[in-house]
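Below, each structure is written out as structure tokens.
Each of the next two complexes has chain A plus one other chain: chain B in the first, chain C in the second.
Up next is the complex of A and B:
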């Protein structure tokens, strides 16, 4: 008996030693919390912010056999203003029936105004609080406010977070954007000698809808917002954005279109690329080599002649190299023009020449960075032609 | 007369009526057994000679009367050898020399032994003048024939099983283990029932300490009757409140013999169609005899699955409570939403839901055990409809809980041993309570508590958690996996057998 009491005592003491003072109070039944899956943050002037929470309309499914369908339903959008994000959050708490849970936040959309003002300010609550995860994906609303984007894409049959997930999962297909998790962004923002990039989204009209959703729009993930210091300075899109993906080793898939000598178009499918950034010091002068190796396959050819002999393939490779080089060139030029090293070249220099970096280069790196010579060397190849059979009706033309 | 009533029994457990003067006469036996109507006494004369008289005693129904008359009485009364004799003395001598050619004949000079034999199903031939009796084992009573095991399914093993008669069971074992070192030691237990218990082991393999321990424990049993396995298990195990089974039992002789060969001690109780095996460790209950008759790789996979399911069945309800009330961030978003949606409108907290469902399941199991077969179907339909369908539709319970409890319930039936399964069912409740108090932390506390209790347990001097703890690597692998037979060169070291090698 005495023994049992001692064991019981040990159990009770160890519970109270965990540091979770309100261990019993900390429980929330799963149906008593509102899962936030995406958050929009806007600057509405006068130093006030607006938090937009698309919450799921939890409708009971009624169990088996009930006729009610369990469609996800239109999100109930809660908007709240406050001087800080936390103030807005507390306000929401005061009138929402359920507790807000930030554990499941997958996306945070920052409005353009907010990004122009000071982006770091908006991430502090998210990174300081223990609930939000650092694996969420930050997005910038390009030329738009987060509120407008969330309002515009809130259709009755798709959950906003699912829509955003679809486009972030599909970034590899065109390689004009990429997934960037919050912790990676924080690392970039922490770096005093570099700028950062954040994937940007914008509204487009893609799907024709009927009824109440007629005016609703879709989102597209294209390009990056470039953050210098704490502020947004501009956007890079399409080819320029792909150039950044090449540099960041994030180019996976994509299409480039070439022309053969007869003017027929050839679609080249990218099969992946690998880039090395190699800084070197030559005669006390810093130079950076960007070496890209890329593989392509022929996905489509408009002409009817079988033209893929060695000579043509060499020409195709040359054209490929040119296009990839153009992509990278444009992003390098953008970076140099804006004196924003979001490509991480400073990091490469630091890793290769830590002593020289500390002594000399790190000082005013972004200002000096524009003067550094950057050599771009692209080596691409045609890995596959898929020339399994002759072009359809190609024989006739031979005669 | 010379017997006391209501006396305290002596150490050697004699018949309840002790006779102070131990000479054998028909009258004395009549005094002891005569009150019962099923005891038959007869007085007969050899050759019609009144000087050559003897009497016979047997219990109706316990002996095969055909055997008794043809092989025992007929020779005495008609055999040529006996015709020549003039005194009973000569006849006794002749019988002692084997003139009644019956195999199991015993000469008795002790009255108590005669009575014991008669009760046990022998016929006794008593010569009053010489104070001597001969007992002949002519048992012949109705018993169940050896059939297929009913509670343990056999796919590839022997399809015989233990029956209620001790002698049949010992013979079944003897047929499988023919070594001369196989020992059956018999003891009588139960002051009224005088149940025969056979302790079975192989001399030269089984550790004597275990055998002595078992014998000592059985000698210490002082009860009226021993007609259930529970009594035996309670009296011979050290820890009585551990919930977990400390002895293994089987109705399959092949499993029993395999364990005897391994160096364990078997116990067979007359009247019980079960073989008890001691010592038993936890790992033994998770193994099934069928594992060894299938491909080692397949059996290993099944065994791994079984271990996963054992953990699942004990932890799953608690885990569900912990995660849904404390750690909703651990659930994938989509699943969290669908659980939350399915729980919408259910008035009870998850903890209560889980407890209600667990109790409902136990009710169904208990009801199923006692149901007459004819109405079993009706109840199972009610159970399925009420618990599965109606409770969910009435928003008493969310479907997710039904799934969790059903999964845990089905998983618990993959444990080959029912006693272990019962213990785990109780611990399931404890884990749910721990989880509801402190989430995953509470669950871990519960798991630690369970491991602590298991680690303290011993079965006949053998730690309960061998071979998981304190054993050689080879033995551990044969608990989680089923190693090929050539791998198991030695008997389990924790049994401390004298002959360590079992092959090669």
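Up next is the complex of A and C:
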């Protein structure tokens, strides 16, 4: 009887505890939560920051800069200023009708001024708080503020996080950018001998729109922001950014345009590349070999000649090698000029020669890096073309 | 002697393994990477050697003292007066350790998922559950653990498999002779947890077939070696030592980034379930051992009447132990690790050495 009473009591207590809001303060019903998928952070001067939150709901909140009306599917932008990010976040809590959830943040956009001031400062809350994950993707607003980028891409039928996901998923297509997760960035920032790179986004006008979205712009990933120490020092774009992707084994796809003897253009589609960074010590001097192997396919040819003979293919390979080498040379020169080892050369030396690195090279690495000899060796190949081999009416043109 | 109310060496080892899981999840990856950096995954190999030495010592002592507790063995080897002092010191160490685990159990929940919750709530619930469990004795705890440990193991293996594709070898290399000293120093934190095996054998009078300590001990050591190396490899291999060394809940932040085919996320909730079960086992086992120590030290016939008073005192001690989680962390690293090594490895070695000299072992 006594035992039955105890079990009954436990059951009653267990059932009643499910609504125990006073003790269990972190309980939130799903309809009481605003899921943050992307966040923008800007430096607005006077040691203040601005937090921009695109939230997926059509509802007026009355915040400092919140949109009063928005169409279904359009993000509602909430903007708040504060001395710190956390202060801004708490302010948002005070007027937002729902609780903010940082668990599902996928993107954090840092404005250029913030990145120039001190990038580490802007990541502290995101990495310290218990809700956000370290797998989110950081982005830098190139020559722009995070606020403007978010405002511009917030069109009537665009969900900002979805738009950002689409462009980051498609980074491989041009190989001038890549996905970089926050924990990889933190590792780079933690390494006092290395500099860091963060994918940068910029506004461009690509799509003609009508109505209220007429003046809205598009966003594209076109390279990397380079961080030395804790501050932004510049950007690398296009071919230079592709050079970094080759070095970091992130070059997946992309187009290289060559010309045949008659000046007809050939579009080469990259099928993948692999790079080895091989440090070597020769006569007590450190050298680094960057060896690249890349595969290409002929995707388009404007001319009419048969370019599939060995001689022409060899010429194409030579031209490919030259272009890839130029891409890599470009990023190496940028890095050396700025004494910023964001390519991971120091890390390669450390992994191959840990003792020598510790005893000698890591001291004064910035200067050592700027003077190091870097040999670039590119071996590419043309693997294939696709549906049709010879050009249409090619034989007739030959005559 | 009656075998009723006793557990087997196998069950004792299972209890020990479950008890090590909760401090391992919290502490090992973080503390070892702070000292040994990318070479942290090598630290369990040194701890394994020390663990095997400890197993041989326990085996050697219990070969002579078959049906008594470790406390009775200490009294006989060291003499009654010195023995009582040593047992008293063990009692103090274990009470502080228990309070530490109680506080960590609550703080960890607050740090990871319930930042605004009152930790009183978690502590009172756990105290209640442990209080009820203690009345049913070690056999019930051991049987319950035979269900809990396989569950924890399966979950741990599954989580490790999900993390394997994210491991980057460059986060775990290079290894050179310069890593020997840091690895050796870092191994103390692993050893400090593995020496809990001695504490489990304090209740040797409740454990049967002790002639199998060596055999099961070696198997346990191999199991611990594999799972600890796997835990460090997955943590440091995925996030890098610089992040793991700074994370108070290192394994937890690694698991948070697990995504199954990009569809299922937030699998950390299952990790929390496993560490709660492990917390329950370590708190129950340590409480039981402390009650047995009290019984032995003050010559009580039964420890059950002490349960209520003990639980209430423990509640207050849990809060007085540290003001905040930073003090708790500092206490854990600067006091608990060295004291565990001293009480779990050094003193048993001395007792065994004295026993050899006095031809008692």
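Assume the second predicted complex is superposed on the first by the 352 of 399 C-alpha atoms of A that agree within 3 Å, B and C clash if a C-alpha of one lies under 4 Å from a C-alpha of the other, contacts with A are read in each partner's own complex, and residues count from 1 in each chain.
What we mean here is this: a contact is a pair of C-beta atoms (placed from the backbone, for glycine too) under 8 Å apart; a residue touches a chain by one contact, two chains touch by 3 or more.
Worth saying up front: this structure is predicted, and the values here are computed from it rather than measured.
S.K.: Regarding the shared-chain residue A:103, is it in contact with chain B (first), chain C (second), both, or neither?
M.R.: In the superposition, A:103 touches chain B and chain C alike.
S.K.: Between chain B (first) and chain C (second), which does A:367 come into contact with in this model arrangement: first, second, both, or neither?
M.R.: It touches nothing on chain B or chain C.
S.K.: So, A:351: does it touch chain B (first), chain C (second), both, or neither?
M.R.: So A:351 only meets chain C here.
S.K.: Kindly classify A:283 by the partners it touches after superposition: chain B alone (first), chain C alone (second), both, or neither?
M.R.: neither
S.K.: For A:11, decide between first (touching chain B), second (touching chain C), both and neither.
M.R.: first
S.K.: Can you tell me whether chain B or chain C touches more residues on chain A?
M.R.: More residues of chain A are touched by B.
S.K.: Quick one: is A:56 in contact with chain B, with chain C, with both, or with neither? Answer first, second, both or neither.
M.R.: In the superposed model, A:56 contacts chain B only, not chain C.
S.K.: Please indicate which partner A:31 is in contact with in the superposed arrangement: first for chain B, second for chain C, both, or neither.
M.R.: After superposing on A, A:31 lies in contact with chain B but is clear of chain C.
S.K.: Go through chain A and flag every residue that touches chain B in one model and chain C in the other.
M.R.: 23-24, 26, 103, 133
S.K.: Which stretch or stretches of chain B touch chain A in the complex?
M.R.: Residues of chain B touching chain A: 324-326, 328-329, 331, 333, 336-337, 339-346, 349-350, 389, 392-393, 395, 398-399, 437-439, 441-442, 445, 449.
S.K.: Can you tell me which positions in chain A touch chain C when the two form their complex?
M.R.: Listed in rising order, the residues are 23-26, 103, 130, 133-135, 183, 186-187, 190-191, 347, 350-352, 354-355, 358.
S.K.: For a test of understanding, state which residues of chain C touch chain A in their complex under the given definition.
M.R.: Per the touch definition, chain C meets chain A at residues 111-118, 121, 170, 173-178, 238-240, 242-243, 253, 256-257, 259, 266.
S.K.: Hey, which residues of chain A end up touching chain B in the complex?
M.R.: Those residues of chain A that touch chain B are 7, 11, 14-15, 18, 20, 23-24, 26-31, 33, 35, 37, 56, 58-66, 70, 101, 103-104, 106, 131, 133, 161.
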